[in-house]
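There are two complexes below, and they share subunit A, which is joined by subunit B in the first and by subunit C in the second.
This part shows the complex of A and B:
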C-alpha cells in the first residue's frame, strides 16, 4: 500500500517520563502513597500497534488509560507528558479531555460483558460517542456501525445493533466493543486485554477481527496483554513492563526472537515444565461412570465416564460452559448427578454431600480459581488453615500451630505468613494458602478448578511446580480443570477433552494430544496462540483452505 | 435468563412444564404470577382483618346501649346485627357482599358503607395524587442532582433539608405551615375541608397546605433511595465506558445509570404512594380533611365495626395493588425479561 503515512510515519502519541501514583490503604496501617508507573517513555506512530506486556501490577492498564487522561479509582497521574499530536493531554481542562475521549482516543476493556450498559441496545451504545461528539449523523453512524459489525464478522450485521448485551455471546460482545471503539474513527485505540476473558477458540476469532479492523482503518493502537504469544500476533513493537518500569522496548521480532533481558527471556520461555506421563494408567482411584447431570431442566453433563489412577493427574480441558467444572462439582458431591456412579478407592461414593462421611470428605479436597473469594478476608492465614486442621484432625493449640507452620513450609511460604490477612498476599500466595488449606485434610485427591488461570504466567508456573512437587512427595492424585492446553502438556498424565457437556476424548496425554484428532480437539489445539510471528495468519489460512 | 440452579433434575411432570412456560414467556408468566399472588394476599388480608376485629375487646351492643345494657337488650341487638351467627357464616356473608361491591351498612348511622367509603377514598386519592405528582418527580430530580454534586455542598444541602423534613413530626410541619402561610402571610386556605360543590380549582387551593405537608414528609425517603441506587452503579464498568466516551456527567447519570436504577426507585415510590393514601390520618385530622383515615378513626371510636373492616380491606387492597404495580413495573424495566434471548 502506497499510503504516504505508512511511508513516512508521523508520531501520534508521545509519552515522556510518565509517572502515575495512588494511595494505598493497607489494613491496620496509615495510608501511604505508592508509585504504580515510574517514568515511562515511548512513541507511537500513526497506524502502528504497540504491545504493552507484563504481569498484573506492572502498570500496563494504568499507562493505557493515561492515553485517555484517565485514572481508574484513586489513581493519579503525577508527572510526565502524554502528547497526542503535540498537545499534552494531561494539561487539557475537563472540556478538552471530554472532547478527546470517545472521539480521538477510544478504549476497549477486558470485560465487554460488564462494560456495556445492560439496559440499552448495542447499536445505540456503539454509535453514542460518534453522535455525542457530532462526528456523523445518526444515519451515517448506523451505516458505519453495520459496516464495522460486518468487518468484525458479527452475525446479521444490519440488525446486530438491535440486540441487548445479554442477547449475544461473550466473544461477540468483545467484538461489538471493538466496533464501538472504531465507530468514531479515532486516531488511537487502547485495547486492554481484549481477549483474556475469552476461550481460546473464541480468542482467535476476536484477535483476527481486531487485527483486520486495525489494518483496514489505519488506526493506531496500544495493545495491553499479559500473553506474549497473543501480542506477537498484532503488535509492531513491544514494551515489556515490570513494577511500573520498562524492562525492554523494541520491535516485536527482536523481543520474541532475541530478547536481551532475563525477564523477557522468562516470559518467552514460560511453561518450561515437562512432566513425563505415567506409563501405567489402568488404575481407577476415582472413577465416574455414566454421569448425567442437570441444572434445573438444562442437562450439563451427558453420559460422562472417566477415571484417575492413584498418584496421577487427569487434566480436564474445554471451553467455558463445556461442563468441566460441573464434573468436579459432581465428583465432590456438590451437585448430585441424575444418574451414574462415582467410586473412590474401589468403594462407591454416595451421590450427595450430606450422605458422605467426614472421612470420605477428608480424602477429596478442592481448590478454586479465585483463591481470594474462597477465603474469609477477616481471618489470618493461620486461622484459615488452622480451621481445616482442627476440623479434620482435631488438633488444637500448640499442636495445631505446629501443623499450620509445617503446611506453610510445604507451600514454600513459611511461618512469617501465619498472621497475615488474605488482603496482604499476592494472587499466587493466596493460591498457595488455598493449597495448604486443602493439604490440612491430608487428602489423597485434590480437585483443582482452574487454580492458575487468574494468575500471571510466571506465578502460575510456580504453583504448577509446587503441585507437582507435592504429588511426588505425597502420592497425591489431581483432577486438574483448565482451558489452557499448555498447562495440560506441562502436568497431565491423562487428558479428558469436554465439549458442550460431552466427553469428546479421553486417554493418556500422549494419545489425546497426538493425531488423528476429532474435529473439536483439532480446533482447540490449533487455537492456542504460539510464540511465533505470523502464527495467526497461518492458522487462518489453514482454516480457510 | 438462565434456569435457576437446583441440585436435582426437574422430573418430567407439571413442574417441568411450568418451568418451560416460565422460560418461554419470562415476562408474561412473572406478571401473571404477581397478579395471582396479589389476589391471594388480598384474600389473606381479608381473613386477617376479619379475625383481628373479632379478637378486639369491647362490643358494639354494650357501647351503644351504655347504661341500658340489659342482657336482653344486648342479645336483641346482637341478633339484629347477625352477631349470633357463627363466625364462618358471617365472614362468608361479608366477603360475598364485598365481591358484589356491598360493604354492608354502618351500625352507627345505618347508612350504606360503600357510598361513604368511595366518597372518602376519592378525597384521599385527590390529596395523595396531588402530593405524588409534586413529590415523585421532585424527589427523583433532587436525587439525581445529589449524585451529580455528590459530597459537595448541593448534595449536603439536599440531604440536610430532606432529612430535617422527614425527622419533624407531620403535625409539627403542618402547624408550622399553618402559622406561616395562614396566620402570618394569609395566602393559603384553612381548614382544608373540601365539599362536592367546590370547583376543582377551589379544591386545589383548599388542599394546598396538606399537600405541601405530605410532600415534605415523603420526599426524603424517595430522594435518598434514588441517590443510593444510582451511587451504587457509579463504580460499574459500563459507567467507566460512558466516561471514556467523553460524555458529560449529567448525561452519564441520566442515560446510563438511571435506567439501571429504576427497579429500587419504583419500589420506594410505590411504598410512599401507599403511605400517602393509607397513612395520613394525622394530616387529615390537623387540616380537618374528610379522607379515609378520618373516616376509619371515627368508626373505631364508636366501634362501628363494618366500617372499620371495610376501610381496613380497602387500605390493604391499595397497599397490595401499589406494590404489585411496582413489582410488575420492575419486571418491565428489566431488559433481560423484556427481551429474552
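This part shows the complex of A and C:
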C-alpha cells in the first residue's frame, strides 16, 4: 500500500493491488468464484495516456471500469485501492461515486451505436452529464459541445448536435461519444476499445480526433484495446495484461521497440505467417461472372466477375458494406443473383440453394465469422460434426464416431472434446470445430467469412496456420473474406478488393498490393495501423499534402 | 440438480405444492373421496359437520367428494386440451417459420382469422352446434388455444431461423423436418414450456367458464365450473357452497402462475448467461 503523501503531486490516478473477482457459472458444474484481476498497480499523471492491452479475458475492460468504481454484471472489486488525487474512490459511498462518474471520470464505450438513446438529439445527450452535475449552464455547455465537435472534426459543428444518432455514421457517433466524455472537462477518460468496431479507413479518423482532443484538453486517459498498433499511436505508456496480471509495463517506445517479455514479443510480431503466392493462377475452379445481386430493390453487387484456381486462396477485402460477404452468399446459393453465372469445376452451378444437388453442396462449404452463432448451442461437438459426417457419407455408429475423432485430431483438439457443448469452448476452439464441421463434408472449396476477425491476434494466427496446413494436405481452395490487409498478405494467392458493391481490383497478390494503386486501394492500404511510433502523424501529414 | 433445487424461490414452492395437491386429488379420487359424488346423502345445502367436512350441495350430495372428483375432470380436460393445443401450435408455427413463403402466409392468416373472433363466443357457437361429447369439447378448446401458441412459437422460431447455425444446416441441404425438430425446437423449448404452464392455467379457467355456462362438462359428472353453477343460487341464502369450487379454481391457476413465473425468470437469466443486466 502506498502512502498517499508519498505520491508525486501530479499523479492523478493511482491504482494499488487492485483485485477483482466474479462468480462463474460453468455449465453442468457448481458455481465458483474466480479472480479476474490479480493485483494490478499503476500510476497515471495528468495529461498522460496509459494504454491497457491484452487478449479478451485479460481483464483490461474490468480494470478500466474500476477507475469509475464500477463492476459490470456481478463483478466485484475485492481488494486494493483506486486513488483519484489521493481519495480512494472504492471507499466512497454511492453518493460520492455518483458525483464522480460523468463529472471527474468519463467513459467511452466500444459501441457508440448501442450507447446513444436513438430518440434524443446528440447535442442533448452530449451535455446531459454536464448539466446533471451542474458544471455549466445549458448555454455554456452547448457552446462547449460545439467547440468539441469542431475539435473532433465533425461536420457542421454548430448544428451537429441537432441530429439524431441514426443520422450520422458510426465513426461520427464514436467521436460524438468522445465529445460527451470531454464535455464536463473530466480529469480522466476511460476509452474502452473506441475504434474496434470501425472500419480501418474510419478508425484512423477517429484515432486522430481522439488524439488531438486529448492533447488540447490535457485530460488523462486510459486507452483499452487489443490492438497494439493502435495503442502505440496514442499512449504514452503501455501496460500489457494477461489473465488479470501485468506482463509488462513501460513507456510505449520500450514496449514496441524493445519488449522484454516473450508474450509481448509475440504480440509485436504477430502475423509471422508467410505464404508464397502460387505462380499459375489461370485455373477457374470457382468462377463468378457478371454477378448483379439485390437486397429488395437495393443493389448490393454490381457486375462482379472473379475466379479461384484449384488449391489456391482468393482473399476478398473491403470495409463493411462493401458486398464481400454478399458475394459469398451468392456463391453458396443463399442469395440467388439477379443476373450472372456461377460455375464450379467447369460445370454451371444452379443459382438457388434448392436446385443444387447434395453432391454440389458437399463440395463447397462455409465457415462463419461468429462461431458462437454458427453452431447450435444445444448440440455437443460430437453431434455438430457427426451430423455432417452422416449426412454426406452415411456413416453411423462406430464408423461415424471414428471419423469425428479423426476430424477432431485434424483440427488439433482431440477426442476429449467430443461431448462438450459450444458454450464450454473458447472462441478459437469454437472456430476450429466449425472448420471440422466443414471438413466433415470432404469439401474442395471452403468459403471463409471473416473467420478470424472475432478472435484475439494470437488465436487468429493459430487458425490461419491450421487453414494453411489443411490446404497443403488436402488441396483445398479458399475464398477468404476479410477486412484485414495483414491476413491477406499472409495467406492469399490472389486478391479482390471490393468497394460499395463493385470489384475495384482483382489479380495475383503481388500485383494487387503493389503500386500503381487506384484511389480506394491506396486509402485502404494506408489506413492499416502499423506497429510503429508516429505512424498516425505520418499518414495524416501525407493525406494533408 | 442439487444446485437447481436450492435456487427455487419460496413462491415457486407454494405453486408446486398447490399443483401437487390437485394432481394427487385427481389421481387418487376413488380412494380419497369419502362418498360417491353423485349419491344424495341428506338435505340440500346442509351445514358443515364432522360427517360432511364441506357440507352438502344443492341436491344434498357431498361437496368434498364432488370437489375431489371434479379435480380429476377439470384437470384432465385442461391438460389434454393444452397438450394438443401445444403440439399443434408449436409444430405448425415452426414449420411456418422455417418454410416461409406461401406456407407461412397461409398458416399465419388462418391463425389471424381464428384469433379475430372472440374465443368465448366462438366456443359457445361451435359447442352449441356440435354434439356435446368430451372429445369435441377438448378439440374446440385445443384449436382455440393453439392460435396463441402459434403466435409465440412463430415469433421465437423467426429469431432462431435467422441465426447462422440454421443457415449452416440449410447450406448442408438438410430438410425442413430436421431443421424444425433438431435445430429450432430444442432452442425454443424453455420459453415454450413456460408458455405451456400459462396456457394450462387459462385452460382450467376456460373449461370452468364453459361448464358454468352449461356448455362444458355435462351433469351429473362433477367438475369445478359446473359445481359453481349448481350452487350459485345458494349465495342468495348465505350458503357458501359455490365458493368452495371457486377457491379450488383460484388455487390451481395461481399455483401454476407461480411456477411459470419462476420458469420464465430462469429462462431470461439463461439467455444472459450470468443473470447480467
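We adopt the following convention: the second predicted complex is superposed on the first by the 536 of 545 C-alpha atoms of A that agree within 3 Å, B and C clash if a C-alpha of one lies under 4 Å from a C-alpha of the other, contacts with A are read in each partner's own complex, and residues count from 1 in each chain.
Here is the rule we go by: a contact is a pair of C-beta atoms (placed from the backbone, for glycine too) under 8 Å apart; a residue touches a chain by one contact, two chains touch by 3 or more.
All values reported here derive from a predicted model rather than from experimental measurement.
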Q: Please indicate which partner A:338 is in contact with in the superposed arrangement: first for subunit B, second for subunit C, both, or neither.
A: first
Q: Would you sort A:132 into first (subunit B), second (subunit C), both or neither based on which partner it touches?
A: first
Q: Between subunit B and subunit C, pick out the one touching the greater number of residues of subunit A.
A: B
Q.
After the superposition on A, what does A:268 contact: first (subunit B), second (subunit C), both or neither?
A. neither
Q. In the superposed arrangement, does A:361 touch subunit B (first), subunit C (second), both or neither?
A. second
Q. Can A:533 be said to touch subunit B (first), subunit C (second), both, or neither?
A. neither
Q: Using the touch definition from the top, say if A:99 reaches subunit B (first), subunit C (second), both or neither.
A: first
Q. What is the contact status of A:370 with respect to subunit B (first) and subunit C (second): first, second, both, or neither?
A. second
Q: Please indicate which partner A:294 is in contact with in the superposed arrangement: first for subunit B, second for subunit C, both, or neither.
A: first
Q. Who does A:109 touch here: subunit B (first), subunit C (second), both, or neither?
A. first
Q) So which positions on subunit A get touched by both subunit B and subunit C? A) 72, 334
Q: Note which residues of subunit A are touching subunit B in the complex, please.
A: 68, 70, 72, 97-103, 106-107, 109, 111, 114-120, 125, 128-129, 132-133, 163-164, 166-167, 293-298, 334-336, 338
Q.
With touch defined as at the start, can you tell me which subunit A residues reach subunit C in the complex?
A. 22-23, 25, 30-31, 72-74, 332-334, 353, 356, 358, 361, 365-366, 368, 370, 373-379, 387-388, 391-392, 437, 441
Q) Quick one: in the complex, what on subunit B touches subunit A? A) 2-10, 16, 19-20, 236-238, 240-248, 251, 255-256, 259-260, 333, 335-336, 339, 341
Q) For the complex, which residues does subunit C have touching subunit A? A) 3, 163-165, 167-174, 182-183, 186-187, 273-277
